[in-house]
Amino acid sequence: MIYLTRKAEFSASHYYHNPDFTPEENQRVFGKCSNLNGHGHNYTLEVTVKGEVNAKTGFVVDLKDLKETMNREVVDAMDHRHLNKEVPEFKKLIPTTENLAIAVWNRLQPRLQMAKLHRVRIYESPDLFADFYGEE
Amino acid sequence: MIYLTRKAEFSASHYYHNPDFTPEENQRVFGKCSNLNGHGHNYTLEVTVKGEVNAKTGFVVDLKDLKETMNREVVDAMDHRHLNKEVPEFKKLIPTTENLAIAVWNRLQPRLQMAKLHRVRIYESPDLFADFYGEE
Amino acid sequence: MIYLTRKAEFSASHYYHNPDFTPEENQRVFGKCSNLNGHGHNYTLEVTVKGEVNAKTGFVVDLKDLKETMNREVVDAMDHRHLNKEVPEFKKLIPTTENLAIAVWNRLQPRLQMAKLHRVRIYESPDLFADFYGEE
Amino acid sequence: MIYLTRKAEFSASHYYHNPDFTPEENQRVFGKCSNLNGHGHNYTLEVTVKGEVNAKTGFVVDLKDLKETMNREVVDAMDHRHLNKEVPEFKKLIPTTENLAIAVWNRLQPRLQMAKLHRVRIYESPDLFADFYGEE
Amino acid sequence: MIYLTRKAEFSASHYYHNPDFTPEENQRVFGKCSNLNGHGHNYTLEVTVKGEVNAKTGFVVDLKDLKETMNREVVDAMDHRHLNKEVPEFKKLIPTTENLAIAVWNRLQPRLQMAKLHRVRIYESPDLFADFYGEE
Amino acid sequence: MIYLTRKAEFSASHYYHNPDFTPEENQRVFGKCSNLNGHGHNYTLEVTVKGEVNAKTGFVVDLKDLKETMNREVVDAMDHRHLNKEVPEFKKLIPTTENLAIAVWNRLQPRLQMAKLHRVRIYESPDLFADFYGEE
């Protein structure tokens, strides 16, 4: 049983705003992130899959397939985008690092066939990251 | 003569758009960066000052002063901001990494007293950066 | 269930010395680290908390609170300090990376309310780190 | 119970080739990695051991011993080597990151005495790594 | 006058061998690098161009062009290759980091039109790199 | 003409104190760094030498020689040491990053024979470094 992790990067804008909050609450809870002009990050995505090593190839997963799936489902959909305005999951959901990790899991999990998705990690910056293992 | 460099980080949004270009030209020249919803980056700023070492302190520059100047003139003004919409230099100027390095130089140069500004480096991502030495 | 990790840095001095050892034993067991003049490191602290995402905020934990707690309980107490001489836990305990991870856990665990402390990781250098999960 | 991780680096060549595959299959499955002239990487090895902290030393493991074991069993055997041609495990096994993690586990596990081997992580590049926990 | 730097990565094999040296000399001068089975690295290439900022675009150089030139002239030619066996410059020249920086300069310099090539930096590992500025 | 750079790391303690200053001045000028118990850092040293490539070896400098010189003159003398108490240059001189870069230059410059010393860079942390080129 091997765990294989591949990274990818994308750059996006976002802001944090709850329409049920008063302006003061949005400011108090979200601080600088509540600026509706948006701000942005270079996100780093780490996808970990888990499986047995195929004796013929030495691979847990076809890396080219994994890369294409990550690009198609996540990078192409989010890179150089405004998460609140252009990524459907965040029409209503606040695009925090936590919710972004869950959204990426939900995009990837149904499309991985050879190996089982184990963990999605999203770095918003080198100093802050969220991990989701599919746990309810 | 010593060159001292200090780093800082800020996160901001931007887009590339020249109003004199047709939509097709903007798309061709700026590609994904022309998306008017904006996208963002974790920028890293490196400021290098040059001077002689003060024999009493061992310093080329008071690091606390340098940090405060960098924070006041650059980080506070740009962090969690939309460069095109909220930073005056980019009302007309396109906020490329190149222009951002020049803008930061112009903000810092008049405010540094103890040591001479030598170089401003801006990383838009770990793979792309611009250096400005104040050369015309 | 999301795991959120935040980093912080601090710089400190320490040495390794067991007063019950002979000088030869201290030298043999601790090598260069037994130098009583002390040496130092840029430590990196990673704190991971675990919890459910709050539907109103998208947060597992209030990041400002987490940062303040980490600063107050760890960074302010250890940054630019001599661990053996100025941090009470190490009056008797040897300030190895292992014991430092446990000490940080014991400082943070009672003060985190919104989310559960999951892991404390301390890097003594980029090449050496210790993880503590609160396991006896 | 503390988990201690130590890193080491080595540089090696390898290629991916299954003699039971046709040339076309080797090309299709392994792509650029199937070039029999070989290509290479700066590998990073992370070894994590698990154990209780020794009250007399503050250590989970004697770091000098751990370093010597890692150097003798892995770095000296693989650094500046061609994995397919000079490392016995890969006479028949394809030296993928996955198989390399398992091979390193099998080399280290019988030689660690003070602490239990918990995880072997191999980075083939900063963007790709494999973890092995000894799980069948 | 702005200096813009872009990075790229490639993985390759090489060895150091001077056919005019005796085996003992090759071993003494080149050490582990003289192993004719080859070993490899993840190389990082940094290309710096210098020029004035175009007022219409804010660019010193068209980044897409620069990336394509770097990929075509360097990455595609060297990635997953054996430098001694597959890259013509190294049929006779020893593929040291120094010679690799010069070879990359000679490949790029005639093909850059918008901006002037200023520096080629090659990292053989995070701890060793060579810079070439085209100086005789 | 090639510039070759090699890195090394060492960990040391220091404090900043000018005996001609009052306690208040030491506190005002040096802040947290004035704590006489000392604090420490993982320093990174980058040494750049400049020269022509030797046609027989492809080297600007014998890397083994350079490494040994750096280890003997700097790393062995400073690693796991207290700069103020154990490194002669800092008996009187304040061990700032600036003065440390000059001290390292003065140690290395007379001992390098094959190539000319071009620059000494010292990182006190990833966010602060000093460069010395031997300029008066």
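First chain written, first letter: the chains are A, B, C, D, E and F, and each begins at residue 1.
Assume a residue touches a chain if its C-beta (ideal position, glycine included) is under 8 Å from a C-beta of that chain, and two chains touch if they have at least 3 such contacts.
As the structure is a computational prediction, the values presented were derived from the model and not from experiment.
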| item | value |
| --- | --- |
| Set of chains adjacent to chain B and to chain D | A, E |
| Chain of greatest Cα-centre distance to chain F | A |
| CA centroid of chain A to CA centroid of chain F, Å | 41 |
| Gap in Å, rounded to a whole number, between the CA centres of chain C and chain A | 29 |
| Whole-Å gap separating chain A and chain E, where each centre is the average of the chain's CA atoms | 34 |
| Of all residues in chain A, the ones touching two or more other chains | 126 |
| Set of all touching chain pairs, with the criterion as stated earlier | A-B, A-C, A-D, B-E, B-F, C-D, C-F, D-E, E-F |
| Sites on chain D touched by chain C in the complex | 1-8, 48, 53, 56-60, 62-64 |
| Touch list for chain A against partner chain B, complex | 9, 11-14, 32-33, 35, 37-42, 79-82, 85-86, 125-126 |
| Residue ranges of chain D touching chain A (in the complex, touch as defined) | 16, 18, 20-21, 29-31, 93-99, 101-102, 126-133, 135-136 |
